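Chain naming follows the written order as A, B, C and D, and within any one chain the residues start at number 1.
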Amino acid sequence: MQNKKKNLLQVVMDNLKFPLLAILFSFIVGALFIVWTGHSPLVAYRELFSGSLGNFGRFGESLLKTTPLIFTGVAFAFAFRCGLFNIGIEGQYIMGAIFTVGAGWIFRDLPGGLLIILLLLSGILGGALWAFIPGILKAKRGVHEVIVAIMLNYTALYLSNYIVRTVLNPSVLLGTEKKASTVMLPEHGRLLHLSKIMPAFGYSSVNIGFLIAVITAIVIWFVLFKTTLGYEVRSVGHNPYASEYGGISIAKNITLAMVISGAIAGLAGAVTVAGLSYKVDQAAGMPGYGFSGIAVALVGQNHPIGILASALLFGVLANGERKMQMAGIPKEVVGIIQAIIILFIAAEQVAKYLPDIKKKFFKNKTQEVQK
Amino acid sequence: MVVFIALLASALRLATPLIFSALGGVFTERSGITNIALEGMMIMGAFFAILVTEFTNMPWLGVLAAMVAGILTSMILAVLSIHLKGNQVVVGTAINLFATSITAFLLELVWKRSGQTDSVERALTTNPFHFLENIPLIGKLFSGMTPFVYLAFVAVAVSYYVLYKTPFGLRIRAVGEHPRAADTVGINVYKIRYICVGISGMMAGISGASMSLGTISLFREGMTSGKGFIALAAMIFGKWHPVGAMFASLFFGFCEALQIQASTLGFDFVPSEFLQMLPYVATIIVLSGFIGRAVAPKAVGTAYEKGHR
Amino acid sequence: MAKVVEMKNITKIFPGVVANDNVNFELEKGEIHVLLGENGAGKTTLMNILYGLYEQTSGEIFVNGQLVNIKDPNIAIKLGIGMVHQHFMLVEPFTVTENIILGAETSKGPHNIQLDMETASKKVKEISELYGLAVDPNAKIENITVGMQQRVEILKTLYRGAEILILDEPTAVLTPQEIEELGMILKKLVGQGKSIILITHKLKEVMAMSDRVTVVRRGKVIETLKKENTNIDELAELMVGRKVNLKVDKADHKAGKTVLEVHGIEAMNNRGSKALKEISFGVKSGEIFAIAGVDGNGQTELVEVLTGLRKSVKGTFSINGKELQKVSSKKIIDSGMAHIPEDRHKRGLVLEHSLAENGCLGNHKDKPFSKNGILNYDYIHEYSQNLIEEYDVRTPSENVAAKSLSGGNQQKFIVARELNRHPELIIAAQPTRGVDVGAIEFIHKKLVEQRDMGRAVLLVSLELDEVLALADRIGVIYDGQIVGIVDGATANEKELGIMMAGGKVNK
Amino acid sequence: GCASKPEPAAEPAPAAEPAAAEPAAEPAAEPAAEPAAEPKSELVMGMITDTGGLGDQSFNDSAWLGLEEAEKQFGIKRQVLESQSADDYSPNLVSFAEEKTDIIYGVGFLFVEAMKAAADQFPDQKFAIVDSSGLEKPNVAEIVFAENEGSFLVGVIAGLKTETNKIGFIGGMKFPLIEKFEYGFRAGVKAVNPDAEVIVNYADSFDDAAKGKEIALVQHQAGADIIFHAAGGVGAGLIEAAKEEKFWAIGVDQDQSHMAPENVLCSMIKRVDVGVLSVAKSVVDGNFQGGTLLFDSKNNGVGYSDKAGNLTDDLKAAADKYLEAIKAGTFVVPATEAEFNAFEAPSL
């Protein structure tokens, strides 16, 4: 038992070492850029962190920013565990959001609790449907999911715009004037703000969507590591041939993993709509959650619990960025910091190479071959 | 007829940046590297083309700068994915984010405002072969044709020649299919891959320049609007072949031109959103094998480890 | 005799493995020198060092008397060394000519930038005629036979002007006739002044083809002998390190009812051509039925069909009367089938999973491994601990990743898992490939034990010795057909060899 | 046009007159009344862009210009937050509110719902929203413009100027605000030249300048010799095309003639800067009030401008004739498709 605990600590340390290094490094590079703009990095970073952690309200706003990142990070990680690269979270999110609004209209007369559950389920359905396409095409026809998903992202964007402009437009449903957004979600279909339970959150609009996100992460952790479904998904991700040999259907698991990933992405859309925006706007571009989700998942080592931490980091960065902007520091600095974190994590092998390089240096011997 | 020529001319212009980037994609993927960073390299190219032209007033120097910027950006992908064996798609994603941020950052630094640079005085937006426009009937096809349009087709021919008619091309294709086989006959797999990623950076750089210097003579944030991803799709659509990639790019260009011309052609009863979806949906259908299966180079996406079996 | 290659005190250390330990090796001009050793003895490693694919940890190499530093294959090629690898290094969508000239292209045009395919084709033709290696220079690799592919590999080295040829297990994929042809080609090459290193662990080939033999065991050179001065038994003993008893002790078999019934099975291979043609046979309880044959005659496809990993296009098969040709592999497992796969890394294990998680692969959906979709890790761990203990798998614990085990121990773990299913039918495909002698004996013993317990065992093996030692009945597969079924006790090697080559035996 | 006192426009008439008055035409050129006399105020004014962000060549830039002017005139401090996505609107509002910013501008009609919620949440906080009305909150000033009127005027100019009887319009995205430009413009063309055809395209973007150029080229090839845009950054492509192919572009929001003096015929003017500045002034003066502030032709909130001098006197005279009629309420300029279809050109 003693032994096991030590192992756990070691595992945690091993997994943390690298992301922490990456974060540190990218903050240093970020500082160089800040200096370049003639600002003090110390001031900038103080603004950044006070703006996101300075008081409960601000912290609440950071959690609000964190919420969709948890979802999209976990969504990405789940597919990734099955060896799939779900770059289509963007589109699945959009579909989840628009489905939610649609359901909000159709079921507007249902009582609150039931309506909210239906809304979340609709979001899940929207995302899942959209992810089913690349999933089934990969499983049955071997089409690369990345390309299909990219194509579907744009398709979702335009489809959503069309729906906003016509089907769900207040001018169509309510006969009022035409708007660039859908009808609003009815009041009783909106998620409760946490400040209602914990007044300390004050003005912050962080809502129970955050709790849903955390629960989702925990559930996905359980599914991945404690259930046969997760076992099969991970097996297929590591070795599809062996999985097939063990009676596991590759096609089924690929499709399922993609669908679940999309469902989580869709849930992100649902929670954002029901907890924050209450509608969907006509948009000229992607919301960008998909790409952030990839980053969050990678920094979190594709582990749901790690993702909770890394989503919080990215949420803090994104929220704190506001205060940096207010202090006159270009918002791009945060983008650069994020890019460098991802690059660093992507090149994880650097760390593995370091000992090798050392060895070479000292012994000047043979090239080592990694298994 | 006039409308058709206009449509064609429009498609050619819209396809030009796609052709360059898709060719870049062909080179990288043929050598075994997935290149999702085309978009980022295009952004870099578009920006530095304008930056250098702004300060030197020599647009061709701007194009050169775009190429260099593209190549340098591509080297991030090369080093991280070839030597350090990082996940190629992840590295690409990061490069895209990086390029978006850094260009916006430099834009503010240099022009003291955000969003958009000034127009450069001299750009490359005009047809270098004006006499072609006097050809009866099809002359209109050439109006608004920038040097980049011609260059794109030259690039297709050169790429085809290099890939299929030279020893270097043979080696590229071998490295993408079976790097170990190439290694055992003394071909430096890493070197080939570096060169190919570099070529893609160069191509995407020109592609970006064709949009900034060649089209609107300024740089705007977000101006590439996902064209790098479309180029990637065009490359796959074109079955990893330069000529195929060209036709796929033309198809995408044509779809967009069609959408623009919808009202003149009289089918604006189709909601524009659906016309916009057309190329994407078409790609999915093609990829699904309903029109013919495309086969990727075997080794694409996997890092090659020397001395490993 | 001039020494063309001298390798002195070569040591190569991989993380955790000493693949070559102070090895000395010499090749004389105009000889065929066999490098003999068991799987994993270090033969390939030594040759990879000579060819510049690996760098030695220590030691020196002399080629034609010159001390050389072969950092990469380019240098080896310049020194006139050519290598035909164990796994062919051919680019499938390329033509024969393209493969041959790759890396040594002829060019023309200004600045020599253009590929000159005509000249290349001509040269390929010339060389292939000179050495009697007939190939079609314009055929695509994916469309020619394995034997042809091997010729292309040899041509590749000759095209580059190789004087020293290394062939790594060239016969594993060949039919007896092709092996004979290869022997003639090698003689011809030697006649033209080339020197050849031939890697194999097949003793008969040594006697047939070599001038001298160097025996390697566990990374060390045991001895170098002239062929005339040795015999098969001595070589076997040197290779393994002790008297080998190729006979496995087993009692007479008492076959019972037919467990596996295969009837008229046909299936395609990955390239879409027919790999199995009207295969029919049965395996009874209490017997070991072996499928013998040269690699690539449909064995892999047959096993895949029977285990549900490949769909058959025609025919039926059943376990205990239950028809299974259209069901999933999980259903087949549940019908009482256990499967030791031919490729443990590809099929047998999820290398990144722990041993515990590998131990329940295939059973993970069954009680008590899981209930209502939730895994019972306590039981899974306990179960794997038992497997490890019972089958003497050398590992620190069941928590380590499967990839950290040695090949032999991985194989033992797979055998443990499969046999512990208490199956009615065991399909063992190349169960001892690439494992050391100790493990081989252990696995053989286990298989016989299962037979004696009344289970049906289908053994698919490329090693004729293994087949002869274990089988009660032997079916010979050739070109996707069972060309004959003979009794294990009375079968002899010569008879089987003829059948494996597609010949008819008149009795 | 010459500066005339603007009338308080909206229904709940704001006590404070929109301070836009004086510098209506060239605010930057005319120094403020008594800049030195004004004590440096400690006021902080925050502005939140929509997803277009700064550099959109449209209302975000223009609003920022208004605050720049306020900074110059009243010594206030201005801060900006750029929204990355629609989900940022509400948190960005809250962020400023939490800092007790003296007034918060939300630029763009998409802010409306977020603004409504924020206004309830922070009843003591002053807000202003650009391009939207109908909130009717005491702490939200709503700055709206009669884009259709300005567009009508340039439509008149285009309708008279065209030689091919074909005129182009490029919109950013097809939503009501942009349609207001479209139908106002088309009504203007129709009023003076019922035979002229208006080719309409939407770019579905406010950034894709390349597409803007392509649309312009296509419209030009289809015969259009004058093209008007209401598409933010996409317009850069139109103006580039006009420069190359030597036809006329009509700018939007601000005078865009500097981008191509020889090819920008004139610009439709929408004084977001003035709107923003006037609300800023009301804050400085301490008479801020919620409610709608309409900027239309009457108070020179919209109009046309021709800094490059490309308009002949005839054209100007014609446009001014309609301007006066609009001011006088002789006719109402359509803003939607339905209104346009019902629109009868007035005979002046």
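The rule is simple: contacts are C-beta pairs under 8 Å (C-beta built on N, C-alpha and C of every residue); 3 or more make two chains touch, one makes a residue touch a chain.
Composition by chain, UniProt nomenclature: A, B = ABC transporter permease; C = ABC transporter ATP-binding protein.
These numbers come from a predicted model, not from an experiment.
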Using the stated contact rule, I'd like to know whether B-D or B-C comes out ahead in C-beta pair count. B-D
Chain whose average C-alpha position is farthest from chain C's own: D
Please report how many Å separate the Cα centroid of chain A (ABC transporter permease) from that of chain D, as a whole number. 37
Let me have the rounded angstrom distance from the C-alpha centre of chain B (ABC transporter permease) over to the C-alpha centre of chain C, please. 45
Between chain A (ABC transporter permease) and chain B (ABC transporter permease), centroid-to-centroid distance (C-alpha), Å: 29
Indicate the residues of chain D shared as contacts by at least two other chains. 82, 174, 204-205, 207
Out of chain C, which residues touch more than one other chain, so two or more? 54
If you look at chain A (ABC transporter permease), which of its residues touch at least two other chains? 158, 161, 165, 285, 367, 369-370
How do the chains pair up in terms of touching? List each pair. A-B, A-C, A-D, B-C, B-D
Interfacial residue positions of chain C with respect to chain B (ABC transporter permease) in the complex: 48, 51, 53-54, 72-74, 76-77, 83, 85, 87, 89-94, 98-99, 101-105, 107, 113-115, 156, 160
Please output the residues of chain B (ABC transporter permease) touching chain D within their complex, sorted ascending. 2-3, 6, 9-10, 13-14, 17, 113-116, 119, 125-126, 140, 143-144, 211, 215-218, 220-223, 225, 256-257, 260-261, 263-264, 272-273, 276
Which chain D residues qualify as touching chain A (ABC transporter permease) in the complex? 46, 51, 79-82, 84-87, 89-92, 94-99, 109-110, 113-114, 117, 121-122, 172-177, 179, 204-207, 336
Of all residues in chain C, which touch chain A (ABC transporter permease) in the complex? 12-15, 54-58, 307-309, 328-333, 339, 341, 346-353, 357, 361-362, 364-365, 370, 373-375, 377, 403
Interfacial residue positions of chain A (ABC transporter permease) with respect to chain B (ABC transporter permease) in the complex: 33, 36-37, 85, 87, 133, 137, 141, 143-144, 146-148, 150-152, 154-155, 158-159, 161-162, 165-166, 285, 291, 294-295, 298, 330, 332-333, 335-336, 338-340, 342-343, 345-350, 353, 367, 369-370
